[in-house]
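Following are the structures in question.
In what follows, subunit A forms one complex with subunit B and a second complex with subunit C.
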Partner chain A sequence: MKRICDLLQELRPEFDYRESKDFARDGYLDSFDLISLVTMLEENYGILIDALDIVPSSFASVETIAEVVRKNGGKV
Partner chain B sequence: MSMSAEELLTNAGSLRRGNPVYMSNVLLTKPQLETKLSEGAKVLQTDDAALLFEDEECLLRLSFWARDEASLGEALRRIKRHGKAVITDVVGRDPSAEELADAVARCGFALYSKFVRMTCRHPKIAAPTDVTVCRAKPGEEHAIIEMLQGEFDPLFSHIPRESEIADAVREGEIGVVRDDRKMAGLAYFERTSEVCRVLRYLLVDTAYRGRHYGAALLADGFGTMSPKTICTLWIGTYNRTQTLYERIGFQRDGTVDYIMKLKGGH
Partner chain C sequence: MIATFYGKKVTGMLAALPQNVVPFEDEVSNYSFSEKQTLRLKKIMGYKQHRIAKPETATSDLCIAGMERLLSTGKLNADDIGALIVVTITPDHFMPHTSNIVQSKCNLPHSVLCMDISQGCAGFLIGLLQAFMLLEHLGNKKVILINADVLSHKVSKADRNSYPLIGDCASIAVVENVANWAPAYLNIYMDGSRGGMLEIPAGGSRMPCTIETARLQDDGEGNLRSLDNMRMDGAGVFQFVQTDVPPMIMETLEYAKMEKEDINWFLFHQPNRFMLRKLVEKLEVPTCKVPMDEVENFGNPSGASIPLLIASDLAETMLSGNTRCCLSAFGEGLCWGAIVLDLGGMDFCEMLVTDC
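Showing the complex of A and B:
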């Protein structure tokens, strides 16, 4: 989980992710950030995220992001 | 070609799996892709690539998924441009975005412009005391679009449709400065969430520059923000205003947009 938090912090350091229950809805991650975040997750976890898993609800929280990573073969 | 969003994404997934030279400039969710297809976006599918075109007034906006550079180049040769420019955006963080932009260039595109994203928490600027900023009024949508079209390059500016401007006017997101009852400048701050604002456009008519209207429009927009608000903007690397935003406190956040134009034909 810490690695995902670090990646989010690297991507948009201006946000305090503890204050949001839904990163996409709250505007912490826009569509441009999702492109970068998916690339970062794939590089960091050595996985390929299935395009059909890329829906806003998958990026709502650290937990849901971790679930996407696990589902696509990464160890969180 | 008629193709569902799911088929397109599934095909893209199979091009990508186990393929280190796979290329795509887009990450669309299934609902986003469905919306684009329902709005008339067209698909050109080959064995090793898929191109998605959105037909805008003076350009074709291209998204692509391809097995490799050769596959993309081959698919691009099949495009019917109908006299329009073909534009594709490569958005992301360097160095990966720059590497993809270079690869796209090897397929026949040229770099047309480069934008960087800047952000600032609760920006502030001193408001000139002698300039009044008002909300744009219903009925001014067309004048606003004409101003934007007169100032910004349509190949990369994503000029909003009239309905989008009407929504923004209704929400009070567009501030204007009037001079002798003429609209002399405007600022469009889009509210994208409770804590996020995007400065979509800031524009002062050339005839009215040097009167601090830009500063007044910024101060008005920033004045509506809370200490928690994050304000974002995109600015061309050629744009000298970048230093002004840096002085206010905006910083580049690492996300870039390479706007690539297909060579020839237009």
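Showing the complex of A and C:
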């Protein structure tokens, strides 16, 4: 989980992610951030994220992001 | 629809580009990207540079520049032309048609059938379909298929969703009857119910252009655009491409009785690098068979994307023997399709930088 938090912090350091229950809805991550985050997760976890998982609801929280990583073969 | 066409060959291709190359860095101040985001998006999306026509350039200017090059160098003879198709979503006017303007400026005979088709990113496939059908009635005459757009005139410069990706271009493909050429297997799907994913709301009879429609508005995601501008639901289009395109390509291959391994080149419409990479992963085809460098070098030129890709990346291959290709395009409409055909043995395959 810490690695995901670090990546989020690297992506948009101006936000405190603990304050949001839905990163996309709260404007923490826009569509370009999602694409950047997917690429960062793929590089960091050595995985390929299924295109059909690349929807805002998959990136709503640290937990849902971890689930996407696990689903695509990464160890969190 | 899915259909087989016999004895139809693309015998030449030219891509006519504007001379103006605009680097992403020159425009980045138009968008609300941080410096870090800019660097990331250059790599991930292919934001590097694009070709942008002059403000006064109309679609026909690029078409005419390309046609004049072919006619003046003897690569094309006006008397050999039976039909001229212009596929565009940015016509010069509602009337007259852009194809008629090209015919006139290039001094083509009155016997040449001129036809405009309104189609965007999938326009090369729709144009080929029309060309193949016309050739059934044209004997040894050629069909000139032009895909041309100056999308830069219709996309807001402050729309970071779309403007960094688009480019202007006109492609010219010569299509003719050649006995015993390998069959072409064409598969096209349409879904008008999702048409709002890519739209230019104002400018037609539903919503004529007014001062109001020209007013820039913030969409809440950092993009400024008016109703006169193109609007793209980027996330929706991404899911459409990843969901609908792979099974359609597999269906086309199955219809052609071919496996993925039988295809030498997968030549796809070029929306952006990320979308293409994900599409290739889904299809499980080797990336070395899928050129995807068009957006970073030229921008996405709508219906001209596949011919430009061929002219820029595969010109030598196209001038030598034939190679089996799977072309696929997808975009506004919605429309998505694929064609499996042999390309190669062309009389010419080149790019032209114009002063447009």
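Heads up, the rule we're going with is that the second predicted complex is superposed on the first by the 76 of 76 C-alpha atoms of A that agree within 3 Å, B and C clash if a C-alpha of one lies under 4 Å from a C-alpha of the other, contacts with A are read in each partner's own complex, and residues count from 1 in each chain.
The working rule: a residue touches a chain if its C-beta (ideal position, glycine included) is under 8 Å from a C-beta of that chain, and two chains touch if they have at least 3 such contacts.
Everything quoted here is computed from the prediction, not taken from an experiment.
Participant: Is A:72 touching anything from subunit B or subunit C once the two structures are fitted on A? First, second, both or neither.
Facilitator: Neither partner.
Participant: Taking the superposition on A as described, I'd like to know which of subunit B and subunit C A:64 touches: first, second, both or neither.
Facilitator: neither
Participant: Would you mind checking which one, subunit B or subunit C, touches more residues on subunit A?
Facilitator: On the superposition, B touches more of the residues of subunit A.
Participant: Once chain A of both complexes is superposed, is A:15 in touch with subunit B (first), subunit C (second), both, or neither?
Facilitator: The answer is first: A:15 touches subunit B but not subunit C.
Participant: Looking at the overlay, does A:32 come into contact with subunit B only (first), subunit C only (second), both, or neither?
Facilitator: both
Participant: If you lay the two complexes on top of each other, which residues of subunit A touch subunit B in one and subunit C in the other?
Facilitator: On subunit A, the overlap between the subunit B and subunit C contacts is residues 30-33, 35-36, 39, 48, 50-52, 54-56.
Participant: Where on subunit B is subunit A touching in the complex?
Facilitator: 6, 9-10, 12-13, 16-18, 26-32, 91-93, 96, 117, 119, 121, 192-196, 230, 253-255, 257
Participant: Touching residues of subunit A toward subunit B in the complex: what are they?
Facilitator: 11-15, 25-28, 30-36, 38-39, 48, 50-52, 54-56
Participant: Which bits of subunit C are touching subunit A when the two form their complex?
Facilitator: Contact set of subunit C toward subunit A: 33, 37, 40-41, 44-45, 160-161, 221-222, 234-235, 238-239, 242-243, 274, 278-279, 281-282.
Participant: In the complex formed with subunit C, which residues of subunit A make contact?
Facilitator: Per the stated touch rule, the residues are 30-33, 35-36, 39, 48, 50-52, 54-56.
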